[in-house]
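I have placed the structure first, in the form of structure tokens, so that the comments after it can refer back to it.
Order of writing sets the labels: A, B, C and D. Residues in every chain begin at 1.
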Amino acid sequence: MVSPIYIVAAALGVGFAIGVLGKLGKNFSGILTLLTLGFMTYVSSEWLYAFYFGDQVSTYVFTAGYKPPISINLLMGPQEAFMSTLINVIGLLGGIYLFFNFGRKGRNAFVVYLVFIMSLNVVIMTRDLFNLFVFLEISSIATAGLILIEKGNRAVGAGFKYIIATSIISSILLIGTIFAYFYTGSLNIDDLVKSDLTTTTGGLIAVFLILIAAILEMKPFPANGWGLDVYEGSHQGFSAVVSAATATASYFMLYKLLDIAGNSWDHYIAVIGAVTFIGANLLGVKQKFARRLLAYSSIGQLGLLMLILGLRTYLGDNLNYVVFGILLTNLLAKTGFFWLVGIVKAKTLKEWAIIRRKPFFLFLMGTFVFALIGFPPFPSFFAKWTFVMDLAANGGFVWIAVILTGSFLEAIYYFRWFGYAVKADDNYNFSFNVRWHKITPIILLTALLYIIGYLTAQHTELGRMINFIPLFFVLILFALDFLPVFIKNTIAIIGMGIYFYFIYPSLSDLKLLFEVIFMIGGILTLIAGYAYKGKRSGFYPVAILMYAGLTGLIEANTTLQFFFGWELMTAGSYFLIIRGKRSMPHALSYMLFSVAGAYAILAGISIANIGQLTTSLSIFNNIQYFPQWAYGLLLFGFLTKTASVGIHIWLPGAHGEAESDVSPMVSAILLKAGVYGVILALIGMSKSQYDLSSLTYILGWVGALTVLFGNISAVFQEDAKRLLAYSSIGQLGYIVFAFAIMTQLGWLTGFTYVINHFMYKAVLFLTIGAVVLRVGTHNMYEMGGLIKRMPLAFVAVLIGITSLSGVPPLSGFTGKWLFYNAVIEKGWYFQGVIVFLSGGVAFLYLFRLIQTIFLGQLKDNHRNVKEISIWFLIPIYTLLAGLMVFSARPQWVLQPLGDMIANYMPQNSIRWDGAYAYTAIGHWTGSGVMMTIGSVFLIVFLILKLSTRKAHKIKQFDIVYSGERPDRPDTTHVAYNMYAGFYKAVWPLTVPLAERFWNWMTELVHEAAGFTRRIYSGNGQAYMLHIVLYIIVLFFITIGSSI
Amino acid sequence: MSELDINDKVKEMLEKSAENAGSKNSEKTFVHPEDEEREVIAPDGSIIKVNPIYDYFSGKKPTEEKPSNGVVEKFLNWARSESIWVLGFGTGCGSIEIPPLMTPRFDAFRFGIQMRPTPRQSNAFIISGYLSVKTLKRVIRSYEQMPSPKYVLALGSCTINGGMYYDSYSTINRLDKYLPVDVYIAGCMPRPEALLAGFMKLKELIKEGKGEKANEYARNFDEYKANQKKIIKDWNMPDYNW
Amino acid sequence: MKEILDRITPKYDLQDVSIKDDLQAYVVVEKKLAIDMVTYMRDYEGFSHFVLMSCVDWIEDNKLQLLYLLNNPEKKCVIGIKVFIDRENPSMQSAHHLWKQIWTYQRELREAFGIDFPGSPRIEENFVLEGWTDKPHMLRDFDTNKYAEETYFPRTGRSTNDPATYMRQKLYPNQPVTAKKNKDDE
Amino acid sequence: MNIYVKLAYTLLGFFLVLNWGLLMSATLRKIVARVAGRHGIPFYQPWIDLLKNIGVRTTLSHGFMFYLGPVFRFTGAVGMFLFMPALFGSDMWSNFSFEGDIVLILYFQLFGMLGMAIGAGEGGHPHSAIGIARGLAQHAAIEIPMTLGIISLAIQYHTLSFTDIVAAQQGGIANWTIFTNPIAGVTLLLAALGAMGHSPFNLVKAPNEIPIGPPTEYHGTYLGVLMSSGVVLHVMEAALFMNLLFGGATNWVEFIIKTFLINFYSVFVGVVFPRFKIEQSVVWFFKVPMALGILAILIYSF
């Protein structure tokens, strides 16, 4: 075991050595520095290893042979080991990254850097207050010095402000130290902890001063202007180290010193942290420049750490788990980000579009963004999960709200930035080049992120249950991205097929149904992908990521697994959606709604989790505390995915602009994930011992209004895919409404609609998407008469809309019939009427779809378009076959479904007699009707065909045109603004209230951010004033009263 | 069959345009802008040539539709004669005589006569009074769009010999040069009674199986068309409008 | 009316000014001044209302006479501005910029009299006739009867008779035709 | 009763309904004529027109869907007949009503409509599309009073099956729904006005505005098929309301009288009132009929 003292010794020794042996040249000293850092890393990591895998106990290292308080002692415990390892690793990588930048400055830069890292190590390890002060000083001076390696006034100004601020802080610390020494006679922190200072007034002041210094080191909002400028002004490579290493050190300092005050300060720390977390992130929303944004984010993370520290009483033993999770993610991702900024020489967020030129960098950026927002499989995800769970368990609901709000704000700007990187138009002439010594550290960090993420998961037994196989499959696909579409598509399909084959036996009814929808649907939609040429770079990993998430939902037995799957699915679908041509803003709004929904679910689960012995999903079935809130939050979260009215605004754009084969994925399949969630929640509510009928009643109205709204808006769309998107909203409304009925019939209806919507919406989206690929426009009024060119597509759409509209004998009617019975049985007449009325409205947009695209006049430029691609026709007709079977033999599906539902909904109100279905009030037979109508149809058709066999085939302009002749197809085709008359009647229902509301909200956030930003004048004196004022205010808040 | 016609038509158009190029202002020919051959760009970037007359209309010539044999035809003829659906297209001054026909005083409904708004569903065409060249063009298109068997009643002396407009430069003199006429109703203007009498006559003709003028039109199509084109210089339609 | 004429007569050295009454006058102006004068009347003399524009064929002295009829809403008076243009390939400066409806008038005149108005919008479109290829049909030397006979297959044996003589014979069969002439016989 | 006999009876019934439909349309036109002071058509005119249309020689085809349009329409009409019991209490005249209930009929009306719309659409005539657009919009509006009324009935009788509803109305005029549940009755009758498609709701095929809308391009045999399905639909629409409101029919005479009167009512209104514009008709259904319908449900939900 190498004693930690050697960390200090080595650093100092080498420092002096470089000073002496400087003649040997820069590179030599540089390499020497790196070696030293390597050694330091080795020492600390050896200790870390010993602590976690050996049975090492934390040991004190005494200097100068005396015991404290005479001498200084260092403590090397597990946490110290961990922290110093982090610092040294970052220091090492930073050294590599900055190698040549230091080199240009001459060897002293290396010395300063070495001393900087060393001082942070000591700050971590020392148990002596004065020593702490000293090394704090050293570190801040070193920092100031290192800031100056970047040329320019900004750097100088930043360094100056920094040195002033830190000297104020450390002087406060010094005074505090003096007070403490005066009252206790010891400078050793352990002694201070033992002798409770807080009893005496002077002691209170001493504690106050010490802690205020530590807090100020954490750059609390708003007294943190000086910190910001460091991040922004200094060289990126170094800002990274500051943001990572210094932050770690100062966090740990606060952590150490907090013991002195006992628990009395926790709340203040928490509040300060909360203010910092939310404030910093709020300001981040307004940022246009990458580095300043990162600076705010770093401060936000510091705030989060303080918050966690302040809430340690809630967390108990999990404190370290949470802290390490957050800290690690922040450290790795943020450092990587800063270094990325250093490589990609793009200042404003928009300019980051250039990162697309090197897809691998985009991958890195994506990794960092998703890690920072706390998506799986990164450590922060698990940390956040544990944090929220523990908070809820101890009733810290307000804190949950705070944390989630802050994280949401953070998500806003990170995803805006990422959206720019992926989609903003790249018309900048400057490019960026990569040097190995700059990229290597980043790659290492990224790898570490994934590995540590995995390890974090394995650390808890909950996490160990999570099935990571699909995720590995995704990573493999990322690696195989260079292959052509055909191969990747085959791999993806085979992979999903095999996975489904293996998972199939383990699934029961409900899960099986959805798994079939997800997996089979996924495979079918993937088949359409064969129609694409080239590489289709980055499509397959994300598609599979989504399916991995979906199947994760199905397999989930624990709440954590469920949430894990949910987040994966969100991430995958986000990437899928943002691939569309003009879909940057829509993808952003989709992501934000999804994140909000996910947080709602998280909160809901955390409430549900209270007082539970188990962590399995079954906790939904007996939520003991605040069931209204828990279910409400859960439902809200799920409804964001089903795009119910009010929170639907992301859907039309996202689905409308997506690629032709992505639309069915995200519409026919993805939306069902939300439905699955809703069902889980409702099952729970049905089992719950509380009366939750009010909740389902509201849910019912939401569903009904969604139907009305979705259908009516669909009628007035000019864009075919947007029309289908709005229709999806309506259909999901049906489903939500049906499930909200909470009777066996209602649920049967719901499942019928789930199956139907899956099939016909997939058919419609696939067909229309394929047509769009052929004719090259979304606008229906630019198409027309295509039945002559693509009859198969026409037949597909015809069957699709017939069954969507619910006309017998196709399966849509099954749903309608069940609906009538369910509604009347339940007694929800008015909601029912709204729903049925919307059914009538649906006809308008369905007819518009087929009329304007396939009927009417063929346009000149489509005179010789070809039939849609065979690769689309295969899945389409497979689904149609399923649709026909379901129409002709509904009992095959509905009967087992009914039995399954009987497990949840006791009353058995539908009776099957062969093909005949009987309810209390009605009767109907699917196959009978099908047969009757079919035969009549056939007979009439044959008769007519015979009687008109000599018919002349005529062309498109051979029509009665009041004695005139049409001039052009474009002027003869009725398509644009087709329902003008209807619009005059129902326009009040089409006012986009939801859009307006959300726009207003966005404005509000931006205004708030813009207003708050004014405090950062960039003026050093102002910043110092902030600090002083902050101290005074804090004084009166904390101990002012008790003195 | 139809391809042949089309080729002829295209050749004819080309010749027209050729002579048009070298001709003086006085003997100009008319190719409407919407009939000129144009190029459009397909979604896949390829260029499509669109020749409206060729592409939008089926240029087939009319064919004779032989009556079915014997009793059936007699029976059908009776039905046709008892249900005469008149195309609601007032071509001239005489159309003012048609509304009274439907009003209580005369009430042609009694005889199974009624107006239809679209040629596709009507089998009788009343050319009411003078017929200017412009109107003739529309009349011909509408007539050709009516499904056979179809009948034409020429109302008023203008359709017989030009009537009081015999010397006008813009109205025709003899309808039968352009369309096969079943019944002439002389007078200027004939009163509704006369029109009714005309209908009665038409009924007799149909019952006798003489209402085959549509086939006659098909038989002498070229001759009729030549006459039509002689006076309709800007013929912007296919030869036969289905 | 008078003072207006007094004002404009020297300005446009009008040849013959015929005053019908104190609300109506007709003047003849040279071709090159005509549009200028119309513009002047509109802008300065308050003849803001364009009534009509027509043409007369003076075949005898081989001229076409254009008439611009303007009305002054305040003074309630009308002035007709006549212009003589020669009959072989007649052409006139276009006035479409003054009143929009002149577009249509000029299209009509172009079709009916073959007068060319360079620069007038949509001038080449059909007005009433479609595809008219013969000489302009309102010129007096266009023999519509002959045209009709050549074009429209006149039915043989069509007889017509002069209504006056016909009625006289019908009413007074035994009275011989007197020398007394009436307009119809000329 | 074995299926063949049933089939035979059903065909016979359809034949009856078809002829009755033709006769009824003639009679109603005659009535309209008499209102206008005319003598009017002979009562056998529809048959002749039908023959004439079948006898038309020229047949044109705009494409495959153009064929299917009339087929859909006719199938829709036949289905309307099949799925509704023609006569109450007679096993042979109950058709195939065992295969479905009111909901089936409600949605089956749309079968013909949709097919017809698509068929006419392929004709490529702008007027067809306009007419259909109006028709669908109006239909969506009619749904409101229709659904409200039927739900009210369903609450009243606790059933959606025709046979049971008619059965509940037997035994005297006083038991008819129109008297036992007048508000729902009136609502449905107002909806009937729209469903019958006479003036003021005949905007779909407004003859002198968009030459008879959807069927503009249809002629000859197609038109014959459309005509016959049209008359059948008229009868069956009337029969629908007869079964719902007026105690159904136990024999053909009753059937004929009741369907005639219901049709006569809508024609009568049509003779009196001029045609609505589409937005007017839609809004009209949003007003009084909807209010009545809501009332009709409210009285049962308390």
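Observations, loosely collected:
As a convention for this text, a contact is a pair of C-beta atoms (placed from the backbone, for glycine too) under 8 Å apart; a residue touches a chain by one contact, two chains touch by 3 or more.
Here the structure is a predicted model, which means the values were calculated and not measured.
Here the largest set of C-beta contact pairs joins the chains A-D. Core chain by CA centroid proximity to the global CA centroid: A. Averaged C-alpha coordinates give centres for subunit B and subunit D that are 37 Å from one another. Spacing of subunit C relative to subunit D, judged by their CA centroids, is 62 angstrom. Per-chain Cα centroids separate subunit A from subunit C by 82 Å. Shown for subunit A are the residues that touch two or more other chains, namely 952-954, 956, 958, 960. Across the assembly, subunit B contributes residues 118, 120, 242 that each touch 2 or more other chains.
For subunit D, residues touching at least two other chains, in rising order: 58-60, 211, 216-217, 220. Residue ranges of subunit D in contact with subunit B, taken from their complex: 33, 36-42, 45, 48-49, 51-52, 55-60, 207-208, 211-212, 215-220, 223. Here subunit B touches subunit C in the complex through residues 26-28, 30, 133-134, 137, 160-162, 166-174, 177, 227, 230-234, going by the rule given at the top. On the side of subunit B, the complex with subunit A involves touching residues 34, 38, 40-44, 48, 50, 52, 55-58, 60, 89, 118-120, 138-139, 141-142, 145, 236-237, 241-242. By the touch rule above, subunit D contacts subunit A in their complex via residues 54, 58-65, 67-68, 70-72, 74-75, 78-79, 82-83, 96, 98-104, 107-108, 110-111, 114, 117-118, 121-126, 129-130, 132-134, 136-137, 139-144, 147-148, 151, 154-155, 158-161, 211, 216-217, 220-222, 225, 277-279, 282-283, 286, 293-294, 297, 301.
Interface residues of subunit A, counted against subunit B in their complex, comprise 774-777, 860-865, 952-958, 960, 963-969.
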